[in-house]
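Below, subunit A partners subunit B and then partners subunit C, in two separate complexes.
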Partner chain A sequence: MPDIGSAELRVLLPVLAPLLGALAVLLTDPYLDKGRPKLPLVYIALGSLMAAWAALGFLWGDRVVAWSGALAADRFGLYLGFAIATAAGLTVLSSAGYARKMGVDCGEYYSLLLLATAGMLLLAMANDLLMVFLGIETMSIAVYCLAGITRERPRSVEAAMKYFLLGAFATGFLLYGIALIYGATGEVRLERIAHHAANRPLLLAGLGFLLVGFGFKVGAVPFHMWAPDAYEGAPAAVTGFMAAGVKAAGFAAFLRVLLTAFGGEAAAAAWAPALWMLAALSMIVGTLSALAQTNLKRMLAWSSVAHTGYALVGVVGGGGVAGNGSAAVLFYVLTYSVMTLGPFLVIALLSRAGEEFEQIDDLAGLARRRPVAAAALSLFLLSLAGIPPTAGFMGKLFVFRAAIDSGWLGLGVIGILATLVSVYYYLRPIVLMYMREPRAEFNASEPTDWASHFAIGVAALALLLLGVLPSDAIAASLESVRGLW
Partner chain B sequence: MDDLIFTAASIVCFLSALAVVTRKNPIYSAVSLILFFGGLAVIFLLLRAPFVAGMQLIVYGGAILVLFLFVIMLLNLREEELGKEKGGRFKAFAAVAAGALALLVIVPVMAAETARDGFGPLASLPDGFGSVDHLGLALFTQFALPFEVTSVLLLAAIVGSVMLSKKHV
Partner chain C sequence: MSFPLLSIVVFLPAAGGLLLLLLRKENEGEARALSFLISLVTFVASLPLFFGFDNSSAALQFAETRPWVPALGIQYKIGVDGISLMLILLTTFLTPIAILSAWKAVEDRVKAYYAALLFLETGMLGVFVAMDLVLFYVFWEAMLIPMYLLIGIWGGPRRIYAAMKFFVYTMVGSLFMFLAILYLYMAVPAHTFDVEVLARTLSNAETRLAFGAQMALFLAFGLSFAIKVPMWPLHTWLPDAHVEAPTAGSVILAGVLLKMGTYGFLRFAIPFFPEASRAAMPVISILAVVGILYGALMAMAQEDIKKLIAYSSVSHLGYVMLGIFAFNAHGIQGGLYQMLNHGLSTGALFLLVGAIYERTHTRDVNAYGGFAKLVPVYAVCLMIVTLSSIGLPGLNGFVGEFLILAGAFKADKLYAVLATGGVVLGAVYMLGLYQKMMLGPLRGAAASAAAGAPAPAHGAEVAAATPGAEPAAGAHAAPIADLTARELCYLVPVIAMCFVLGLFPNLFLRTMDASVQLLLSRL
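Right, the complex of A and B next:
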């Protein structure tokens, strides 16, 4: 019988904050005037996310395992927890204006956002396979609904439907893998699974299905088919949240399962070649497909597939406990979640009532009309391309060096080549913004959306800070991985 | 005896599952699904999981199937609205996909069986395994948090479905 003592409640704090926020939003919504901006909901959402941030900071320290081992508050989970809470907070800030433009300024929007955040934080701290599954599902169901929230746009409904159907299919694989692992070991707790010999067919089959399920959630080739349509169709603020939060939480759980339950040499020898293929294919297919896109959101979707590949390079080149690969993945996913959220914040800012700003050609001459937005978007794209002094450069450097140091030279070379090619499609929007005459009319007449500007500013500042002074974040990521054991 | 019951239940499951996907009229599919859940409940009983068997009948065979039937009847599709029979190519693709999924289940289980790995014998289970009191204890002690988080998951699903089906946001 677990004693519902202080450890149990303390570990839950970061999850309880957005959860209570979601309930408060739902209860407040009916009392607000219809037709007026629903600012109180934004305040509640922001407040609960700041509380989650504070709780994450409060727990930062030694590893605390609670709820019969279901949940572990250790630096590993909290590290990406910060990225998740930040991404959710910036999304809420940008939604204050964007949701009104899109006609979805309602309680359900904010409460689903907060419920998804709660699921992501659970996923980042999940220490047994049951919690991994429940975290993934809580996060995914909320995000499926958010993707289809602009119901008048057929593309949004299509995105939600495709994401839901393929997601449900992938969840089946994940659950089947968990069932096989449980059948082989009789355990769902990660550290206990590690005690079983890994060369058993049932366990390996289970691991294989887990890889498929996680591969889908993080959008790795060949399990990426949903990503372009879902990213393109979903409303921009939601897409940003999907790209940043879902991926960060997915990687947190993926890495924890691989390192804790399948971290032994025999098990690692089984999954490393499979992930090698996933990483190489994701980088190559993601980069080449992004080259041909004319839609900015679709281009960013393919770019996020490529970035999954870069992060997987670090997973493959983890180098075990002593290596830097796993820490490199944490740092990479942290920077990635900020720099991929950024462009979507800009798209949300530039979108007009009921109409997304998403064609790359529409960016022409943006620098003259909206210099701040253009500068920020350029910074985000440069960081995605991995050009110093931005955070994207530090992340890639750390990941590729870890992979090459632990002997995965081929993967490092593919990564560097893919990065070089990717510079082309990241630079094209920048060239358009600064060197072409304006073609489209930008909504300069609307009142300035300060909340959105603030969110963009925070993201840009974070990228520059992580790029120029990365040592603290890198040191924390190294500590996080060491703290797993 | 166990083998005989298992074989009979499996045949019922297999045939009714086949009927679910091959019947054109959705009512027949739904009724076949009830039969399938019944066969599955028998298999759960054989696996010493009487509570799961009961839940299978009450929740799936009862509540969820009634919901399915209600939806089908509310839609009240006429013969011509059911659409044409799908072409041979579609059927071939569906058969290949189903076969591939079946292999995904059969291969690992057979591999485990030949390597004598996992799936311990039923005799080695502790006394009272699968009974209601054991399950209840596990649910409220060792698995208390997953149990509670499930309610959060359901809340997210409820909020989402209400939002998607509202006329005006």
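Right, the complex of A and C next:
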């Protein structure tokens, strides 16, 4: 056990903040009136997330490695840490009204959200394989519970069950991979694994298992089976958090493991073809499946599979640390986490007590009744389709540029074709909202949910800013990857 | 860097659009006035571009360069040269006119309608001034959204189909262009998106790309532009979009949007890939000629006035392509000039159709007849615009067509001869349209209106049985009035410009000279 110096504590701050927040929520909950809105819990959750944000900002700078090298507070981890903390914060804001409508306005809900956030932040900073595992499990178990938190809805329970069973299976793969790698090298620390020759069968087998485990967490085809059901069944606010946070944290760890432990040329030659397949399949299967959906959440689930594919294009086209594909992935995942969270915030806003607003056809005429919600949803969808001047376009530009620069023209062509098809299903809701007359009734009579509107506004503004003035975020992503060593 | 005049011209409409969105829903009159004012100010602000333009220089003028995303090599670089100058002015000129024309026609979601028009203007101006490929692509795509909404929300009965078709057709082309842009970045040693640098590097015999790469990239860029032109056989989105779009949308679509494809060829595809362009010349010339004749023949067969004009656009844009791909000074200048002419004449035609449609609520030619007696001023305007469209000397159309055909004769006589046939057909369908609408005995809607009685069975049948006719109760009974002061306000400037361009062509042709010479030297 090393001395617990200031570096150790500092590095842990972003994780500690939501962790303590979760405890505070649980301790406060029993003292609150049952019948009234539990606003204090929301304040605690928001406060702890803001503290996490501040801690991330405070750590932004030089690379600090602590806890015997198990945790690394470097720009690489912090970059997506910001995305995670932001996504969590927006989710909490939207939950203030949504959780009440769904009857889950309880301490457990907020504490699980914060626990999951702590796990995600841990994962983003994990610098050895055991810490990766710890982060993934903390995050996953909390998210399994969240997916099933609306206990009365059978679909929610089904989603949680499916997610849990398949997730546990994937964790097994991950752990097995870690074991094999440890067996081959005697190391769990990422940069030390890199010193071992990558051509040993045992190590390669370990890498293979790791790819399966991570592939599952980020929802890449063929390890995506859980995504549509889990996304559809889980309550909307949770789904958005899942889609944004889990993917951001998953990609952070995935990329760090690949670049640090297996960044050498020999190792990269082993994983690049495999990831090429995953990327191509994810884009194709995700896009084609999304075409056929009538449920908005399910459509977004398949779209998130396709977006995993786009991000993987950047991983394949990374060209190691020297190339800027890895930076492209960071930027892409950052923009993706905002633009995928957005639609779920809107769904959460439009949902009525105990009833999710999730059929695409119900969107008909939304622009007349809820102009702000319709405009924001359109912006999110246009960004997902990669149409400028939104962030989605800049993300795609960065990723595809990296892929083509490193000679992966084939992936670029597949990506472009997938984007083309995707335009159809992203535009359909816009057609319904703006060009058809209302069919369903919208809960316009309810008092305005300002917190939710605020969250949606922040997400929309962020997408426009990242689309029009992306320079700083892109420069930071490049620095983040350079700072990995 | 001095006063950023060009940036102000480009972004003023978008700023106005944002301002409009902040207005209260009820303030429809203010929304109209504000948007008109903003577009007018934009036009005035764009005039110094014309008067301060140095005709003797092919260099970029009023240029502004700022880093935008330096990490990815993207700049904010805009500027004007002889190729884009008149197109910018055409855009700023037509937008206030389009806004004025929609004064009465749009009653639903007024604020959003005008905001969309203003955003569209920024997008179009951006396309013409962008001198960085990524910046260009951003404007090129962003422009789609307001146009898509204009057609889809305020369009006719089949608006959703038309809007979707418009969007998807354009996306098919532009995504391949996107890939080509990224590939180009990698293929050029300088690693840049800068259009000037690329044009210089890629047209230089020593540094140009291999022929195979040129051809592939030319196809990717060319497909995107050919769809936008639209060239036969990629034109099918145009009649749908035109028929369904509201009047202002049609005016902008015909007036400005259809110039983007031909502009793209002149700005990007030809100077970047000179050898591939030369190789593609016969194919493109044939397609252009087919487009000229096919568009004209289809126009002759149409009964829906808007559709007729849409097909006439296919024919007219065929001339432009033929002129550009003659690869000589006459052809290219003629092509550029014809782009302006088409913008004015066809824009005016749509304005006139929109004006009469507001009175009769039908676009079916057969519902008209003898209207010259009812609306004499309108008839005069329509006559002038018709003659301008078929190229009568003294009006603008003549200059463009003459230059194009002169250029085409120099390049290849066969195409020129065939294209001349199109001129004859053009006179046939346009004069035919005028005759059916304005001359002869009073018919259909006009007859009933003149009688001041409910529509007789015949007229009602015609109106109901034809496409584009909307059952509008009481519309027939109202007497059909001549052009109002507001309508004259927006028609007179366009018609005046038709005369100016026809009588003093050199005023505008000389702005293009230097840039066209530079382009030719790169071929």
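Note that the second predicted complex is superposed on the first by the 484 of 485 C-alpha atoms of A that agree within 3 Å, B and C clash if a C-alpha of one lies under 4 Å from a C-alpha of the other, contacts with A are read in each partner's own complex, and residues count from 1 in each chain.
As a working rule, a residue touches a chain if its C-beta (ideal position, glycine included) is under 8 Å from a C-beta of that chain, and two chains touch if they have at least 3 such contacts.
These numbers come from a predicted model, not from an experiment.
S.K.: Between subunit B and subunit C, positioned on subunit A by superposition, is the outcome a clash or a fit?
M.R.: Aligned on subunit A, subunit B and subunit C fit with no clash.
S.K.: Based on the superposed arrangement, let me know which partner A:R200 touches: subunit B (first), subunit C (second), both, or neither?
M.R.: After superposition on chain A, A:R200 lies in contact with subunit B alone.
S.K.: What is the contact status of A:L71 with respect to subunit B (first) and subunit C (second): first, second, both, or neither?
M.R.: first
S.K.: Tell me the angle subtended at the Cα centre of subunit A by the Cα centres of subunit B and subunit C, rounded to the nearest 10 °.
M.R.: One gets 150 degrees for this angle.
S.K.: May I ask you to decide whether A:L122 touches subunit B, subunit C, both, or neither, giving the answer as first, second, both or neither?
M.R.: The first partner, subunit B, only.
S.K.: Which partner, once the models are overlaid, touches more of subunit A's residues, subunit C or subunit B?
M.R.: B
S.K.: Is A:Y434 contacted by the first partner subunit B, the second partner subunit C, both or neither?
M.R.: A:Y434 contacts subunit C only, not subunit B.
S.K.: For the combined overlay, can you note the least CA distance between subunit B and subunit C, rounded to whole Å?
M.R.: 37
S.K.: Taking the touch rule as given, give the residues of subunit A at its contact with subunit C in the complex, in rising order.
M.R.: 324, 382, 387-389, 393-394, 397-398, 400-401, 404-405, 409, 412-413, 416, 419-420, 423-424, 427, 431, 434-436, 470-471, 474-475, 478
S.K.: Going by the contact rule at the top, pick out the subunit B residues touching subunit A in the complex.
M.R.: 104-105, 107-109, 111-112, 115, 117-120, 141-146, 149-150, 152-153, 155-157, 159-164, 169
S.K.: Please give the residue numbers of subunit C that touch subunit A in the complex, ascending.
M.R.: Of all residues in subunit C, those touching subunit A are 67-72, 134, 137-138, 141-142, 144-145, 149, 152-153, 159-160, 163-164, 167-168, 171-172, 175-176, 178-179, 182-183, 185-186.
S.K.: Under the touch definition given earlier, write down the residues of subunit A that touch subunit B in their complex.
M.R.: Answer in residue numbers: 1-2, 19, 22, 26, 67-68, 70-71, 103-106, 108-109, 111-112, 115-116, 118-119, 122, 130-131, 134-135, 137-138, 141-142, 144-146, 148-149, 151, 176, 180, 183-186, 200-203, 205-206, 209.
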